[in-house]
Amino acid sequence: MITLSFYSAAAASLLAAVSGMLAANSGIAEQSILPIGLPDLPFHLRLDALSGFFMTVIGLLSFFVSIYSVGYVKGFIGSRPVTRLIVFYCIFIAGMFMVALADDALFFLVSWEVMAAASYFLVMFEDEKTANRRAAFLYMVVAHVGAIAILLSFGVMAGLSAGFENFSGFTFDAMRQAEFPVRWATAAFLLAFFGFAAKAGAIPLHVWLPDAHPVAPSNISALMSGVMLKTAIYGMLRVTFDLISSFPWWWGAIVLTIGLLSAVMGVLYALMQHDLKRLLAYSSVENIGIILTGIGLAMIFVSFNLPVMAALAMTAALYHTLNHAMFKGLLFMGAGAVLHATHKRDMDEMGGLIHRMPWTAALFLIGCISISALPPFNGFVSEWLTFQAFLLSPSLPNQIMKLFMPMAAALLALTAALVAVAFVKVFGVTFLGHNRSGDISHVHEVDRHMRAGMIMSAVACLALGILPSLFIGWTDILIEQMAGARLSTSASAGGWLWLTPIAPERASYSGFMVFAGILAVYGIVYAILHVNPGKIRRGAIWDCGFEKLTNRMQYNSVSFSMPIRRIFGFLFFIKEDVQITKAPHPVFPVKLHYYLRIRDRFWFWLYMPVSKAAFWVSRKVGRLQQGRIQVYLIYSFLTIIVLLLVKSL
Amino acid sequence: MDLQTAAQINSFLAAFVLLTAFGMLAQKRIYSLIHLFAWQGFFLSINTAIVAYVAGKHHLYISSVLTLSLKVIALPYILHILVVKLKIRKEVETMVNIPTTMLIGIALVIFSYYLTAPVTELSRLITRSTIAVALATVMIGLLMMITRKKAVTQIIGFLAMENGLFFAATSATYGMPLVVELGVALDVLIAAFIFGIFFFHIHTTFDSLDVEQMTRLKEGD
Amino acid sequence: MNGSIVEILQIVILIGLAPAFAGWIKVVKCRMQGRTSPGLFRPYRDLAKLFSKDIVLAENASWIFRFTPYLVFGTVIIAGAVVPMLSTNLPLSLTADAIVLVGLFGIARFFTALAGMDIGTAFGGMGSSREMMVASLAEPAMLMAIFTVSLLCGSTSLSGIAGTVSGAGFIAKPSLAFAFFAFVLIALAENGRIPVDNPATHLELTMLHEAMILEYSGRHLALIEWAGMMKLFLFMAIGSALFFPFGIDAADNISGIPQAFVFLVVKLGAAGVVLVLIETGLAKMRLFRLTEFLGSAFLMATLGMLSFFILE
């Protein structure tokens, strides 16, 4: 039953991905109107290049994850009602596809809510733990605050495009054709940006994300981090580039700033974590930041009417969107495999898993390399394209912008370098060394379905890394629709092997050559050295002759990130406490207890005041409730009188 | 020496002035701070001499020599003696940590570039591009005065500000009239002496040169 | 055709001369400190000795530990194929520009750090953690320096930059000078030289890079050491290609190569002397003072960028 339902989900996702691919490639929009929904408000559907691209992203990862889920969900049998998981899983995926297909505000919001509600129940899947219920609640609150903002934004646009008297403005077509006054357009944009940023988990609206993503089952985490966040990116692009379509440069500057903030802070928070899935969730905040950086850059270039540069920045952003879906999906699937095998999430109790789970380890490593933006894998290509877009900033006409852009690029470089630190830590602490919690002989490799899901996304990571010109060719029409210029003519000027975004003399990269080169040198050196290989003797660890090494002496995730914690510590609330139990001899204490707690500053700056205010207001409002029916009648009566008064004035 | 080379050397020296300004911002030892200040004066005086040569303004040679004798030799010497006499601790104490100060400094450079961009477009002098650097030097001097705790470092900040003003005058209009410049030079010298005397008094009154102690002067405490 | 010959020649020079360069640094350093030097060819003999030895592998070493030396060696060789040492006319130079080069060194470091953690010793983890910390601070500075130079030349391709700088004649630009200073600081950090790291010690308090590769032996160690020498050689070559590109052949003919080679040797010899002067004159820094060191590298590069916009 499980196998059948997940296979059908996989097939459906694959079909959607293929149709999305074709739509994005042809660039022709297909529309249809479904006569369901409210009377006079039918659902409008539209498949154009932009929704095709996001359909592909969602479809591909859903396909991989569905295959993976066949194995993963079997682990729950006997301990938990699996049916609920399967039903909501399918609704969740369907909701995401509907979001990408919606062509009117009503259907968009309905799909948006379907997606949010389904994912809420999925986060709540293991609902016996208080922490999970708390996380799900927080997720629900933030999702709805965001949804209200999106609703208001659509309201503004619908009202302006067809007047506030009738409903005909609610279709995206009407909004597309309308010309918005700058002030109202700004209001609509800011509301939409707020709402979508809350869903995407951009800082400072990210607090729900590191709580909600880790507690869901890992296949769900993979989908939530990998593609659900992308629907918010889709919404942002749809509203700014398609519905509003002309905007001043400072909108782009806002998006760019939020993006950089999310990127740097996201990776720093990620570095401080020792819970594997929580770390991955924070790293999603960082990647959303990188995508937003690309989008912001593209918006700035578009508003200054520099189409080629906008095309480059937009390609970088979309490329990273797809890349992030692939490697974050892979990493969450890997984390799920580890969780499946060890039943642990805390990295400091792991170690040495590479010997027990060689497949998972190798695939997880590919995910780590990809996300750390290292050649020849895919993360590097999108990051490289973003850097190239930044390097074109001197042609901007705005002086201040010109000077700040390279700084922004340096922040991006810092992010990339810190991600590498974080993922050396993740892989090193989880899979390498000795296990920190004792016996791991019961740990086993995962089954073939889970492996297949991971292998497919790993292959996608490599393919996207070494054949970027295929991607650029595929998104060509989409990029032209959004940015006004094509990239493919210049990008593949040197042939499909070389990626030359502007001109070969300017910059070029060939992931394939790097990959082939490393393999070739490896092969040659290996062959030369193994003509007459010396013996390999296995021995005890040397460690400078230090004896009596125990597994607890290894660096763990907390000690690994200590230097970074010390340098960037001022960004966090850090509470550190060392308690030493004294022994007769002061040099050799009996016991040492180390306590460390790191908390998000945003929680105190932004959310505590809001929640306090909410409690205050509700206490005040609570006084209105008397419990006597007469009082309630007085309320209604007063309301009617006031309304009548207002109307008569 | 043709104009092109002069402009090149000029912008190089401007870059060095900026570098020394940042160096002073980053420096933690008080002696190195004084040395850096002397270097800044040195670059300034060479720059003035070159501008004098290119523009054919002879009074600028006098300012150049004045800068050399005053800011490279006399003032650092006086500061040195102050530090020794007052037995000031050799570490500079800051209110804000150094990396943050540096970032603010970079932002100030960008800001002054933004401010001076219209001026630069109007000017036809070869030194026009250095106006932004001059303004940035003034601002960084002020920043230094704000972020340091000890009075001696504050006076160095003040003098660096004056360097910036002088530099601005040279690059924007090929220097102020000689009388003004002589007056300013005298002012600075006298200011340094007055500061010196002041320090001795502050030192004997508060037994410290920490300017935060001055809050004790407030009434009602 | 000529291009491919030059390409092969470059790689051969890189592989062949890197140990001699390391030996040269040792010789100069010994002279300067009044010691007897082990000779220019000592590194070759060391490598030969290591290659002939058996390998002792820790019991729990995984494939990552064994794969890393080959990968590190491979990335350095690819980098060597891209850097214009003799000629700017390299057929493979399209493979990677300056940013990709940073990425290539990044992946080598990534795996070395993993290898350090693979054995599960305290030293290995410590080395990995510290090396990654230094790298994460050096990388933005490095990129900023690259940005400055590429703004000046309108290209991130190393050959393109070398061509532009040498074609323009020797022009003193403040931005280039700042970028060069920043590059020197970063090169010291990236190659683990004094004052960032001390390549000559095996003391837990002072070592960064060495701590990661403590457990290596035999041909694995030889490959890593050799790659380290080549990396140092390459950084010097990159420095001379970006900032002092005279003598690098620009035309597509083979006859200019001997002259370019002589220039390369002279420049590298001088670079070695400068490196020794720096290393002899400075002491190793405390770990957490490195933030200031790398911060000043970043500041230099930023000032270079600013002075490009303001002064040029």
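Letters are used for the chains, namely A, B and C, taken in the order the chains are written, and counting of residues starts over at 1 for each.
FYI, a residue touches a chain if its C-beta (ideal position, glycine included) is under 8 Å from a C-beta of that chain, and two chains touch if they have at least 3 such contacts.
The structure presented is a predicted model; accordingly, all values stated were derived computationally and were not measured.
Steps from chain A to chain B, minimised over paths through touching chains, total 1.
Put simply, the chain closest to the centre of the protein, by Cα centroids, is A.
Should one ask which of A-C and B-C has more C-beta pairs in contact, the pair is A-C.
In whole angstrom, the spacing between the mean C-alpha positions of chain A and chain B is 49.
One inter-chain figure worth recording: chain A and chain C are separated by 35 Å, centre to centre, where each centre is the mean of the chain's CA atoms.
Centre-to-centre separation of chain B and chain C, using mean CA positions: 38 Å. The multi-chain contact residues of chain A, meaning those touching 2 or more other chains, are 403, 407. Shown for chain B are the residues that touch two or more other chains, namely 106, 110, 113. The residues of chain C that reach two or more other chains are 291, 302, 306, 309, listed in rising order. Those residues of chain B that touch chain A in the shared complex are 106, 110, 113-114, 117.
Contact residues of chain B toward chain C in the complex are 8, 11-12, 14-16, 18-19, 22, 26, 98-99, 102, 106, 109-110, 113, 129-130, 132-133. Residues 171-175, 177-178, 291-292, 295-296, 299, 302-303, 306-307, 309-312 of chain C are the ones touching chain B in the complex.
Partner chain C is touched in their complex by these residues of chain A: 351-352, 354-355, 361, 365, 369, 372-375, 380, 384, 387-388, 390-391, 394, 402-403, 406-407, 409-411, 413-414, 416-418, 420-421, 424-425, 427-429, 432-434, 494, 498, 500, 504-510, 513-514, 517-522, 525-526, 529, 534-544, 546, 549, 551, 553-555, 559-564, 566-567. Across the complex, chain B is touched by residues 399-400, 403-404, 407 of chain A.
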